[in-house]
Each structure stands twice: as structure tokens, then as C-alpha cells.
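Next up, some structures in C-alpha cells.
What follows is a pair of complexes built around chain A, which joins chain B in one and chain C in the other.
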Partner chain A sequence: MSAGHGHRLYRPGDSPVHRLPPHCKLLALVGFVLATVSTPREVYWAFGAYAVLLVGVAVLARVPAGFLLRRMLVELPFVGFALLLPFVANGPDVQVLGLSVSRDGLLGAWNIMAKGTLGVVAGVLLAATTELRALLLGLQKLRMPPLLVQIMSFMLRYGGVITAEMGRMRIARESRGFVARDLRQTPAVAKSAGALFIRSYERGERVHLAMLSRGYTGTMPVILDTRATGAQWAAAAALPVAALVVWAGALTL
Partner chain B sequence: MHIPNGFIDGPVSAGAAVVAVAGIAVGLRGARRELDERTAPLAGLVAAFVFAVQMLNFPVAGGTSGHLLGGTLAAILVGPYTGVLCVAVVLLMQGLFFADGGLTALGLNITIMGIVTVVVGYGLFRLALGLLPARHSSVPIAAFVGALVSVPAAACVFTGFYAIGGTTDVSIGKVAGAMIGVHVLIGIGEAIITAATVSSVLAVRPDLVHGARGLARPLELRSAGGTR
Partner chain C sequence: MNGVPHVSEATGDAAPSLAVRGLAYAYPDGHQALYGVDLTIARGERVALLGPNGAGKTTLVLHLNGILTAGAGTVEVAGLPVAKEHLREIRRRVGIVFQDPDDQLFMPTVREDVAFGPANLGLRGAALEERVRHALARVDMAGFADRPPHHLSYGQRRRVAVATVLAMEPEILVLDEPSSNLDPASRRELAEVLRSLDVTVLMVTHDLPYALELCPRALVLAGGVVVADGGTRDLLLDRDLMAAHRLELPYGFDPSSVPA
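Right, the complex of A and B next:
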């Protein structure tokens, strides 16, 4: 519970990607994702080019492939959905491996897998190279309402505490022989959830009082000033500009 | 289940993003009324609670499991505006930092799982509470009704978005059947957990349940002799 340790999404490092200011990286991510999403799905080579760009960023940031692959598991539920599409979609059928599947469904599945995966990898790279606290500062720099940024920072700061509290409750339940088999066990789980809410709310009240006693007036002081130089903007723009070139190529070729 | 990039087309995603931004703006404004100057820490902690409680899985038929969406629960416990805000913040964090749900689908995810579940769930909760006798024991029943409908309602809205902006031509009947069928089951789980959680908070700290405000009996002063 003590402070000072990084989040498990973040990989500490000192690569050129790590050193870029957070708001530049956020805008680069948005630009890249917009380019991938608006690329027509039939231009297969463009998605290969996007993937090469991301691999380049990963190599530059020294993020190992194993870490990326593990973090990509978040995508799995929709992969299942995408795999179903060729069998349920309408339109003319094609033969693949002896199975008759819908052509449009096949393309749709490819579309979701390609664009979804590129988005996930780009997002994972951002989180792996930027401390979450810095990302919040970046959002504030990009004119997100300060109150929203504060709420997000509190959620981030106490998310681990509350989740750990829930884990301790689960261990306490299970050490007393509790097994959640079906909905009949709901009351026990729900009582834990209720207790968790009360503890979270009361912790919020204590946090607020602690902030007041330290002179909180409604805004958080900005200790870390992250101003971007022209060179840093240019470096961050490399990814979206390269993606834009691919995108333009995909539309014209 | 978060919508990834490329699932719904650009114009519809952009439209949903506008709805989401408007929803968050209304939520921010209303949350300040519900929580006054304690908004930042309290909404933050409630968002952390929603985030944690979403990890509670419960078994649905056929070996699959659903997890709590928590929109109705948050709205009943802390008020509808703070509820929308907290769920939206959780989705924002998941989309921006955890790569869970696409960046361009963020508006869709917030509209469907944040705004629709809270508006439908809390609206029905209020309606049911108005019809039931004004007692504390009515609150979990109304919470059950609200949560039960909120999840299939979200699935309906998803189907609607898919009908106008889906990138693959699947007959809407199939999408609606699959989505709503599964989510009716998830809704039952959500309703049971929501009602039980609300009732357990109500038993310990009735003052913390926003939806039960006004149900507490006013303090009665009696003299030592028992006369009023």
C-alpha cells in the first residue's frame, strides 16, 4: 500500500519514447488510431505497414514482445466474436478450408481483428512507456476539465488499494470454506460488495479531510511542468505522419 | 465487453462520442451538486469501487460468466449524476490506459455502458420506488427492477448502433437475438447482486444510500413519560 512503486502497466525505462512529453504521445496515439480505423479494410498491405510502424516504436522503446503479447490478451473476448462473424454474416459465400463462409463476414472479422489489434498494441505501448500520473498531466494539458482529471487521478491512486481490499475479503471468505458455485452464493458476495462500498466511501471522506488539512482549495498544484519543445513534437509526430503516408497510399493505390 | 476499434463505422462512433461528452459534462455538473466540494476524492473513490466491483464474476448459463456493469448500483448508492460520471471515468481509464475497448469506440462504450445503464436503471428504480410503499424494504426491490432492465437495455442500444453503423452485414435479428438473449441472463445476475448489495449497505449505513433518501422516519422527540 506504500507509495512509490510504478503501475504494472508501466515499464520503467529511459528510451527516446519514454522521454517524450505525455501530451505529445497521446496526440500521436490518437492520430495513429484514426489513420488505421479509416483505412479501407480491403487494402491488406496497409495494415502490415501499420504493424511494422508499431514494431519500430516497440523496438525503440525497448518493450519486449512477451510483455506486449501478454497485455494483448485484453482483446480476447472480441476475437471470439470476430471468429463467429464469417458464419453468421449475410452475402455471397466463399469456400475456405472446405467450409462455406460468408465473404463479407470474413472481411468483417479481418477488419475487427486488424484494427482492434493495432489499437490495442498502440495503447499498450503508450501505457508501457508513460507513467499513468504523467498521462493524466498530459490529459490536463490537452484541456480535459481539471475536475475530471482529479477524479481520474483519485481513481488511479486508490484503485489498487480498493482492489487489494476486495482481494483480502475474498481470501477471508474462502478461508472460511466459501465457494461461489452459483447464484445461491450471491448474498455473501453482495455483503462483501456492500462493505467494500462503505469502506471506499468512508476512505473518500477521510482523504478529503486530509486534503483540506493540507490546504486543498479545489485545484491540485502542478509540480511537474511538462512543456514540449519543437523537437519533441516533431519526434512524437513521426508515428502519425508515417501512418498518414500509409493511409494516403492505401486510398490512392 | 468493450467495443474495439473498427467495429462500428466512423460517423456513428463520432455521434456517440458527442453524446458521451455531453453526458460527462452533465455528470460533472450534477456531481458537484450531489457531493459539493468533496466531488474529486469521493467520485474518485466510488469510481475505484466500481472498477473493483466489475471484477466480480458470476456464472451465467452454459459455463460463460458475466461481470457486474455497476451502473445502476453506483447510481442508487451515490446518485445518478455521480453514477454516470464514475462509470464513464472507469471506461475512460480502461480505454485510454488499459487498451480495453478501442480509442475510437470510447464514445460508444461510455454511451452504452455508462449513460444508458444509469439512465434506464435509475429511472426505473425511481419509478418502482414511487409505486412501492415508502419503506426501506422497498429499496432493494426497486433496485432489482432497475438493474434487471438496465443490462438488456444497454444490449438493445448496442444493437441499434450496430444496425446503423455496423461494419459487417449481419442480419439485425441475429445480432439482437444473441446480444439481448445473453444480456437478459446477465441482467438477472446484475439485478440479484445489485439488490443484495444495496440492501446490505442499507442495513449498515442507510444514510449512504442516495436512492433511499427521504425514506428515513423523522426524529421523534418524546418526554420521559412517553408523551410526544
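Right, the complex of A and C next:
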């Protein structure tokens, strides 16, 4: 994870999608993903319709295609797995480009690719239009256990601090002639990692003291209360409702 | 003014901001850090707490808002004893600014961090927003509310750290090494902020010129007791006292040549 400088998934902007409250967007994402994953894999046109919906959101959010494509790279490992399926699955074979592959495997691969890609694009769109911090507020609003939200918000705050500390330790090592060439050098690196862990642990204790000193009693106070208007809920609902219509069509047609 | 109405209701204006009597403390591992500390700080005073490393300064500070509980003796803040039952009010009254601003600023943005304390006191909405705005204005950081703390300079972070406790409208501000790691310009800016505040200040420091600049009165803590209490200039000019407690002035610095 490349924590630290803001975060590169987010693309600052002031589009209608950016302005929606985070918890509305989160629920919209969940609704959309549920609709896509529960669509039968043989109804090919439905996935095309879902993709069109996402393109619509991307246009509305003014997220360029290149940006989306680059961030979709996280999906690659799954694509690799999906490409294997047609060759390893059992069942009747079909001919594709002169190769004999399993029909079930091919459908399975399509299933993973289509649903996975739609989910990743939807997730990337959410991250591109919502700051991480706002996302945490949204999760808090949606009753995510407060302890988990706190842990994540501390990761957000201290990821950069700890990375910087790690960088300083590396510079200190190398300034004294250390070069990590092969396995024999791992003990030094491992000791640094241990030292970093202890430093972070001690920082955690100092942060806790500072929190107690300002009246912390175990729960984070709600500081930025984001309320969604009916219109905002309706706007956010547009995507999952449209997906639901497609889903219903896919089941009945 | 600071607007701390319930202080005068509860205790009357006569109570000093801070009164420590016979405070002794030993850590759970048996190491005794404080051997009976006595000190009184009147409302509105700015006092420096000087002492060599290991003198017990940090231990003393952690008693002031009840993080550590005294083995013997008492601490009172504006007449209210530091005890379990009023911990919340004590922590409002005693604003501690820790040495490393990265420890103090733990929220994702400056605004949320400054709001953390008053929100714990139950403030919400417009009142909370006003508290935050006012506290940031007092440290000259009004335009930085939406920045993440790690994008600020060290001096700016230190001033925001001061704002986070000012937002709780404390009776006394306790600063742990406020000038550490600051460049001369940031040092001066912080000094201007501290001088402009209408609040009692206890400043724990090794930085003797800074103590002289900001605090008319100083205490020397050594070996877990207060060994000297007087005008800062007088203490700094007392060579024997200074030498006995490993307090050394920077090269070329002469306290008697500094204008009062």
C-alpha cells in the first residue's frame, strides 16, 4: 500500500459524484455489486448494460478512461487465474481459435472476468471520487464497528509517519556502508524492522496518552456529521436501481 | 477572556491555577521519580519548569491531568483536586502540549484534531465549529483547518498542537519542550503566540534563553523535588545552582544582558 501523500486513488474534483455523501456512495456500490454478482453468467447482454451504467458514472464524475484503466491493474492476478480455467476445468469441450477448451471453464472464466471487472471499476470509481477520510466517515455513519474505523483512520494518519521513519532508518544504515546485496544482509534489515515495530508501538502509547489528555474515553466523538438529503439519496440510488432493473430483466427475459 | 464560568462558581477566583503539595510517585517497577514536590502557580502566571534529564519533569506533568495517580500528596487545578471522579473536568482544565506534535495530532485533518477535545466535552455543531475557528485563530493557523497535519511544517504542527488544547479553554497550558526542533523563526512565532494568550502557562524546558524570554518565574526540579523557585533571571545568574543541576547556558549567552 502506498500510504502517505494523500492517496493516488483519489482524483480531486467537484463533479456531482464527488459531492455525494460518502455513505450514500458506499451503499450504492454495495447494491450495484450485489446485482452484478447475482446475475446469471449466460445473460451476456446484462453485463454490457452494467458496463454502460459504469461508463455513465465515470463520465458524470469526469474520471478519464486512462486513469480508470491504470487503476484496474490490481485485477491482473485474478485475470491470470481466470485464463487458466478453460484449460483445467472438466466437461464437454468446445473449439476456440483452434484450441480445444472446456465449455464450463470458459463460462467460468467469463463469469470471473466480467463480474470482477465490473466490481473493480465500481470500486475504483468510488475511490476516485471519495477521499479516504470521507470514506471512513461514511463507514462510521453506516455503523461500522467504531474500533475498526479508528484503526483505519490511524493507519491513514500514521502510514506516512512510519514510512518516513523507515526511510530514515534505511538512510542511516546505508550511510554507514550497508548494502543489501544478498541473503546474508537480512539480519540487519530484520533488526531494523523490529526496531521500527517497537518505535511504532511506543508512538502508539504516546498518542494514546495525548488522546486521554483531551478527554478520550474509548469512543471517537462525531465531529463531522455528514447528513444526506433525500435528493442525494435518490441520486446515489440511481446506479443500484438501474442495475436492479437490468438484473430483473436478466432473470425474466 | 477565556470564558471558564464554572471555575469561579465552583471554587471562587482566589484558587491558584495549580497547587501541588507533597507529591510523591514511584513507578510500578519501584523507581521513585518524585519525592515530595510542592509548587503553586497563580492564575495568569507564566512559569518555566527547568531541570536536567531524569529529574522527573515528565512524571510531574503526567500527574497534572491524572494520567498518573500520586502515591502521596495532592494536585489541585483551580481548586479542584485531581481525582478519578473529576477526571473529565481536570482534563479540560489542564491542556498538555506534548513534545512531538505527531503524537498530539492524530486525526486526519487539523479541523478534526482541534475539534477532538471539545467534542469529547460534548460540543457539537456550530458551537464546536466556532471553538475550532477561534482556537486556530489564536495560534495564527486559521487558514489551515482542512489540511492534513503531516502536510504542515514542524513549527506549524507545534502551533496546531497548542490550538488543540486551547480549544478546550483550559485553566492552565502545560508545554513539554515547546521549542524543541524549531528553527529560529518558528521559535519566535511560537513565542509570540504564547505571549498573546490569556492563560496560565507551565513550560517544561531545557531551553534556558526561551524560558527567560517567556517566563518571569522559574522552578528547578532535580532529584524529584523542587530545589529552587524564583525569578528566571535570578536563577539563571546563580552559577552554583546552575552547575549543581547540570543546567548550562548556551555559549555566549548572558542573562544579565537581555532586556527584561
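Basically, the second predicted complex is superposed on the first by the 221 of 253 C-alpha atoms of A that agree within 3 Å, B and C clash if a C-alpha of one lies under 4 Å from a C-alpha of the other, contacts with A are read in each partner's own complex, and residues count from 1 in each chain.
Simple rule for what comes next: a contact is a pair of C-beta atoms (placed from the backbone, for glycine too) under 8 Å apart; a residue touches a chain by one contact, two chains touch by 3 or more.
Predicted model only: the values in this text are computed from it and were never measured.
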Open item on the list: Under the stated touch criterion, which partner chain does A:Asp14 make contact with: chain B (first), chain C (second), both, or neither?
Closed with: neither
Open item on the list: After the superposition on A, what does A:Leu118 contact: first (chain B), second (chain C), both or neither?
Closed with: first
Open item on the list: Just to be sure I read the superposition right, which of the two partners does A:Val37 touch: chain B = first, chain C = second, or both, or neither?
Closed with: first
TODO: Check the residue A:Val207 against both partner chains and state whether it touches chain B (first), chain C (second), both, or neither.
DONE: both
- [ ] Kindly classify A:Pro221 by the partners it touches after superposition: chain B alone (first), chain C alone (second), both, or neither?
- [x] second
Task: Partner chain in contact with A:Arg133 - chain B first, chain C second, else both or neither - done: second
TODO: Using the touch criterion from the header, give the chain among chain B and chain C with more contacted residues in chain A.
DONE: B
- [ ] Considering only the touch criterion stated at the top, classify A:Phe154 as touching first (chain B), second (chain C), both, or neither.
- [x] both
- [ ] Please write out, lowest number first, the residues of chain A touched by both chain B and chain C across the two complexes.
- [x] 153-154, 156-158, 161, 203, 207, 211
Task: Interfacial residue positions of chain B with respect to chain A in the complex - done: 1-7, 10, 24, 28, 32, 37-49, 51-53, 55-56, 58-59, 77-78, 85-86, 89-90, 92-93, 95-100, 102-104, 167-171, 174, 188-189, 192-193, 195-201, 204-205, 208
Task: Of all residues in chain A, those that touch chain B in their complex - done: 9, 29-30, 33-34, 36-38, 41, 71, 74-75, 77-78, 85, 88-91, 104-105, 107-109, 111-112, 114-116, 118-124, 126-127, 132, 135, 139, 145, 147-148, 150-159, 161-163, 165-166, 180-183, 186-187, 189-191, 193-198, 200-201, 203-205, 207-208, 211, 218
Task: chain C residues within the chain A interface of the complex - done: 62, 65, 67, 88, 91-92, 94-96, 98, 100, 102-109, 111-112, 115-117, 119-121, 124-125, 128, 148-150, 164-165, 168
Task: Residues of chain A defined as touching chain C within the complex - done: 6, 133, 136, 153-154, 156-158, 160-161, 203, 206-207, 209-217, 221-225
